[in-house]
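One structure is given below, represented as structure tokens, and several questions about it will come after.
Residue numbering begins at 1 within each chain, and the chains themselves are lettered A, B, C, D and E in the order written.
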Amino acid sequence: MTDKTTSSNKSFLNDAGNRALIFQVVLLALVVFVGYYLFSNLQANLADQGISTGFGFLNQPAGFPVLIHLIEYTEADTYGRAFIVALINTVVISLMGIVLATVIGVVMGLARLSNNWLVARLATVYVETLRNIPLLLQMFFWYFAVLATLPHPKNSIIFADFFLNKRGIYSPNPIFQDGFGIVIAGFILSIIASIALIVWAKKRQTRTGLWFPAYWSSLGVIVVITFLALVVSGFPIEFDLPQKSRFNVTGGMVLPPEFVAVLVALSTYTGAFIAEIVRAGILSVNWGQTEAARSLGLKDSLTQRLIVLPQALRVIIPPLTSQFLNLAKNSSLGAAIAYPELVAVVMGTTLNQTGQAIENIGLCMLVYGTLSLTISMFMNWYNKKMSLMER
Amino acid sequence: MIEFNDVNKWYGDFHVLKNINFSIKKGERIVVCGPSGSGKSTMTRCINRLEEHQKGEIIVDGIEMNNNLKNIEAIRKDVGMVFQHFNLFPHLTILENLTLAPIWVRKMPKKQAEEMAMHYLERVKIANQALKYPGQLSGGQQQRVAIARGLCMQPRIMLFDEPTSALDPEMIKEVLDVMVQLAEEGMTMVCVTHEMGFAKTVADRVVFMDAGEIVEANEPHEFFDNPQHDRTQMFLSQILNH
Amino acid sequence: MIEFNDVNKWYGDFHVLKNINFSIKKGERIVVCGPSGSGKSTMTRCINRLEEHQKGEIIVDGIEMNNNLKNIEAIRKDVGMVFQHFNLFPHLTILENLTLAPIWVRKMPKKQAEEMAMHYLERVKIANQALKYPGQLSGGQQQRVAIARGLCMQPRIMLFDEPTSALDPEMIKEVLDVMVQLAEEGMTMVCVTHEMGFAKTVADRVVFMDAGEIVEANEPHEFFDNPQHDRTQMFLSQILNH
Amino acid sequence: MAIEFKPLPSLPPPVNSVGAVAWIRQNLLSSPLNIFLTLFSFYVLYLLIPPVVEWGILTATFDGASKAACTGGGACWAFIGVYFDQFMYGLYPSEETWRINLALILLVILIGTFAVKTVNKLYLSIGIIVVYPVIAYFLFAGGVFGLEVVETSLWGGLFLTTLLGVVGIVASFPLGVLLALGRRSNMPIAKSVCIVFIETIRAVPLITILFMASVMIPLFLPEGMNFNKLLRVLIGITLFSAAYMAEVIRGGLQAIPKGQYEAADAMGLTYWQSMVLVILPQALKLVIPGIVNTFIGLFKDTTLVYIVGMFDLLGRIQAATHDASWLGTTIEGYAFAGFIYWAACFGMSRYSMRIERKLETGHKRN
Amino acid sequence: STLDDVKSKGFIQCGVSQGVPGFSNADSEGNWTGIDVDACRATAAAIFGDAQKVKFTPLSAKERFTALQSGEIDVLSRNTTWTYTRDTSLGLDFTAVNFYDGQGFMARKDLGVESAMDLDGATVCTEQGTTTELNMADFFRKHKLSYVPVVVQKADEALAAYASGRCDVFTTDKSGLAAHRSKLAEPNAHMILPETISKEPLGPVVRHGDNQWKDIVTWAMFVQVNAEEMGITSKNVAKIKGETIDPGIKRLLGAEGDMGAQLGLPADWAYNIIAQVGNYGEVFERNVGPSTPVGLPRGINNLWTEGGVMYAPPVR
């Protein structure tokens, strides 16, 4: 500070630095006090009512079933495992939702820019309808109104070994036999081969200028090699086929309507927002860029790939990540239509059986907090990387 | 080399180009001038099909300009263009800007493309900036890069659409110098510009357009000293006073 | 009136002001010049504590500049400032821009504040624009409003930080005229500017800064005709040629 | 002498490049892909429109007292008619609903007065922000002037939806401003408190916050001290939207050039004076569209209160579709709810776009 | 204490379900009826002499305990099963049982299911956060039957899912099944399977630790059972109070001594309960009895003297 401070007591409160200090100390004290006050009330309340605390319950048997579990789970497993199951369900629906929403969003965003008037109008109607109706309503709509109109299992719509009815979409479930290792090896081999192919093609282009259609041919390589491996090992897959049983279709793999409704609602809803982001991103690339590329003789497909997309992406990615984040958070609405995700299992059933609101809600908030933090860290990293490219 | 036969073009109801008849020989250097909105850019952009004409025919380098994609591609390979606002690709380095078309359109090996790019960069006196991004250069430097980018296609014709009008006065000279040098090397050029000094120095013919027509086309000294039309006279008096 | 005793200031590690010792008497008119980045703005802004210095003392009108909010308030009431980019408040009319501080800082009745504002607006010859918004005025007019706004605090000292450098040449004169008039009325002024004509006409002393130090301070005719330091000589030769 | 320049006459364009035919060619049939897309679009429309029109209008039933009355095979709009009051007002006693309507009319009149030039905007704003809520509260809740008390648990339907949305946004506004200022301040503790608050809230789904508000808040209060569930949910919603609002406002603050702060400082304005008189009016004006968007989001999100057991518009509809005499009217109910939410949100987003455009052409001329 | 709290508020805040006919259900005017509702009304009658001084908070199954723990409600009367865990670790105290129930299954008649043992492979709908969820799991595990659980947030929606055919069976307490069946479009197309897979003693719940309050709620229930046993009804209670010579009845109705004081209640507390709410039999008949849409037989909920298990400690 100033080396000659006029130190009069009267001016202590007028000193800008002191004021800031005092204000902050008061604020901190207030926060600490309120925190302490709430905490002590909580403790008193919990003790008064004999509510148990701590995370011990996670090791106790849960006793309730969970409709969708991607890892082994039975009623005899613990609450902790039920939590993991729910966490996986949340992550799975979020990831699938993100992929689908992106596809829908890109398609719709491009459709809105289409020079086909009708297509552009239809896409606009889609976007403006979906994003102005609450997501929860849309989930209810899909679950209670649309999927409920499918036929009863007795009258399933059958297509080959696929069944479609109110209870879900049933498909054959592949069961891998002993020789399947060969197939996996073949598959991995083919991926390595196709990567090599792409690298080679890039190198060759650098060297000779000639481009080899490496992406398409590597797809071919993967299919062919994998198929050969299948033949060599004698098709070591058996299918568990879905079959009609007394009540349901049993066996096979099933996508329950709860899952479908949540996934469809999440991805179409978020897709509408993404469409707008994509559209804005592409429009943000100056038309002059396209003209310049054209005047260099680049074909339209190359112009898009090399000029427009890389620039549009920079504008698109940041808002896109926050849409992904919204989608992940919105997956919690699945609780309302019986999709066993985090909120349903932890803040619903577990909380109810154990009565430990604090721990369970805390657990949920922690998971979502971590998820958000991860995604926004990615976003910051990406932004930094991109801005390096500019300057 | 370039031939306009009775070319007409409309934007909606608006008649922008009216009966353009004109031909440009190999090695000729044409300067196009005229008041704003007279259709100079439009005419120039018809040459590499950035705009489509509705009537008449345009023949570039023996190829007729029509909806045939192959023809358009072939012509664009032969025609380089420099825009008023440079339109460099901001996400690519200068070098990448220059090698993009040679690699993807001419299928040139990268190495060779880069060598050529460096050659042209040197020609526009900016080789030391090769690894920077366009955003890091001044306007004049950017425009010179844009010219080099056009040259990298090794085109037989270069089009310039007001290449200096977005630049500060100091930078105009840098760019004009490069263009003069190009002209002296015998490149066929069509240049929309109001730099009358440039026109006098290098143009073989000056074309004056108004309201979508070619009003007058003449050798520079005739054009400036002895304009035929009153419209041309009026325009020149304005331009030269300015 | 203003006294700098051994003032030093750093931005992070960067030493911007080095041992500034200087004093300005009441009614004196000081012009500060020097190359870009030499610390002219910083020094000026220290006078009304827009920047904080870290060592030494600045005494303005008898009040020492320190963290004491009361002191800062008192000094800011006495010091008017005009910025390079005017910094008028775009959401307020010209009149509201002018009366804002009198009403809220000096607690003047609105009526009286408006009368005073109109008085100063007349003085900068712009009274007829009182009800417009800043966005509707030209740069020169805006800068004159900014000066009137400074005056409305009835300050004893006016600071100008390159008040004309963002203006077009025609407008510079409007603003300089107002400043000359102010100077003639005896206002204490500190003015960062490169308008050497202005310096010669009104300055009592010209201060030349470089690299954060005051290199030379002298009366204008001595300063211009007989600069002591070679650094000053060099600077002057550049400025005057330009 | 110089030749006189006579411009050639402008000719009409060739027929095939203008008019309806050209439009269709250009916009629908310009390439094989486009022809395919057009046909595909028509097919989609064909799949969608006729069945919807038939179901929704041609074969629909518009009145009746139960599902049994709906014999047309189409939509059963009678359902909406019967339940309309519940959808609008929840279980609010029907002889008292005039109170809600009155409050609404009052609000419309007050806001309408803004357009009148002669009215003092400041007093009017104070009227709307301070006086009106008090009046509205007593109108809704009753208990004074002989108005019958109406329990908040009876409040519902669109009334509750609107109430949650409006209170949420209005109450979160000042809090959002404080948080935004705090986040931009250079006092480390104040800044971190704000950041932690904002980022925590933004990281979690609204439903967890509603859950906390509806069941957990009382655990943190001393025994016996407790308040109404509606109020708790309102607090939850307010805190939630305050965090989002703070980020919107921060964007506005960041857009204000540094010179404005400096000029205000140089004039001797105190921190709060310069914020209130100089910075915030500019910043807020910039972010009106952002605020409207936050509001639209919040309005849609109010549906989540259904999950914590409050019966807003969606909740009432959901409950009504489970009524035995109306089973099978789910689609009608959702269509009705969808229409109301859509109209409100779409209207607001258009309005915000209009403001945006108006601000663009306003006094921005430098 | 809760009693002081309630007295100063002037009403009891009572947590009920969001709509189970016969147990707690609101009509379109917002008037609540049902057995669970009457339990709260009886308590209000005891404390205030006015059975109307109750406000109801509809709660979903998963919200209910937190609402009680947090003090949002004073009594939870929401067909809640008395279990070991709930009584010991949730900070709750169960008072008396006002309905003995057991979990069962409901299925469409045309499914041709006769017994719960036939349910192998069935899809089962139920409400989240209840003992039902756990009992169902236990039942199927015990009998090594496979099943698909669809656990919906709210009872109403679970029922809607069942009605729409998402599930083959709907499971909850049998009383609830009957109540829910009355809400279906064609109640007679559905049957309740014979098995009872669990014991479900239902009754009002209070917070742990406030014994006085617990006693009031408990005895408000016992009074109703005792009254039925003694033949006192809401119709004849006034007459009996004036005419009786039975010292037991006199004590009960506050005609002699002041039994209320021990609970901090007025002397005529029991009288008020019976006069305003009725005895247990009346409550049962009125809300869920055979003449109502729910149509439950008295069965196990009969007085012990009639072969049921309703047995209240004497008021002495």
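Convention: a residue touches a chain if its C-beta (ideal position, glycine included) is under 8 Å from a C-beta of that chain, and two chains touch if they have at least 3 such contacts.
Here is each chain with its UniProt name: A, D = Amino acid ABC transporter permease; B, C = Amino acid ABC transporter ATP-binding protein.
None of the values given here were measured: they were computed from a predicted structure.
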Fewest hops from chain B to chain D - one hop per pair of touching chains: 1
Contact-graph distance - origin chain C, target chain D: 1
Angle, in degrees to the nearest 5, of the Cα rotation that carries chain B onto chain C: 165
Far-end chain from chain D, centres as C-alpha averages: B
Core chain by centroid distance, with centroids computed from Cα atoms only: D
Between A-C and A-D, the pair joined by more C-beta contacts: A-D
Chain whose mean Cα position lies farthest from chain E: B
Centre distance in Å when chain A and chain B are each reduced to the mean of their C-alpha atoms: 49
Distance from chain E to chain B - Cα centre to Cα centre, in angstrom: 89
Distance from the mean Cα position of chain E to that of chain D, given in whole angstrom: 41
Where chain B touches two or more other chains, by residue: none
Set of chain D residues in contact with two or more other chains: 215-216, 219, 221, 223, 307, 318, 321
Touching two or more other chains - residue numbers and ranges from chain A: 45-46, 48, 144, 148, 335-336, 347, 357
Chain pairs that touch, as defined at the top of this document: A-B, A-C, A-D, A-E, B-D, C-D, D-E
Complex contact set, residues of chain B against chain D: 8, 10, 12-15, 18-19, 54-55, 210-213, 215, 227-233
Interfacial residue positions of chain B with respect to chain A in the complex: 48, 50, 73, 76-77, 79-81, 83, 85, 87-91, 100-101, 103-113, 133, 135-136, 149, 153, 159
Of all residues in chain D, those that touch chain A in their complex: 26-28, 30, 34, 37-38, 41-42, 44-45, 187-190, 193, 200, 202-208, 211-212, 215-216, 219-223, 296, 300-301, 303-304, 306-307, 314, 318, 321, 330-331, 334, 337-338, 341-342, 345-346, 349
Contacting residues of chain E [partner chain A, same complex]: 61-62, 65-66, 69-71, 85-86, 88-92, 111, 118-123, 128-130, 133-134, 136-138, 141, 147-153, 157, 160-161, 164-166, 168, 207-209
Contact set on chain C toward chain A in their complex: 53-57, 64, 66-72
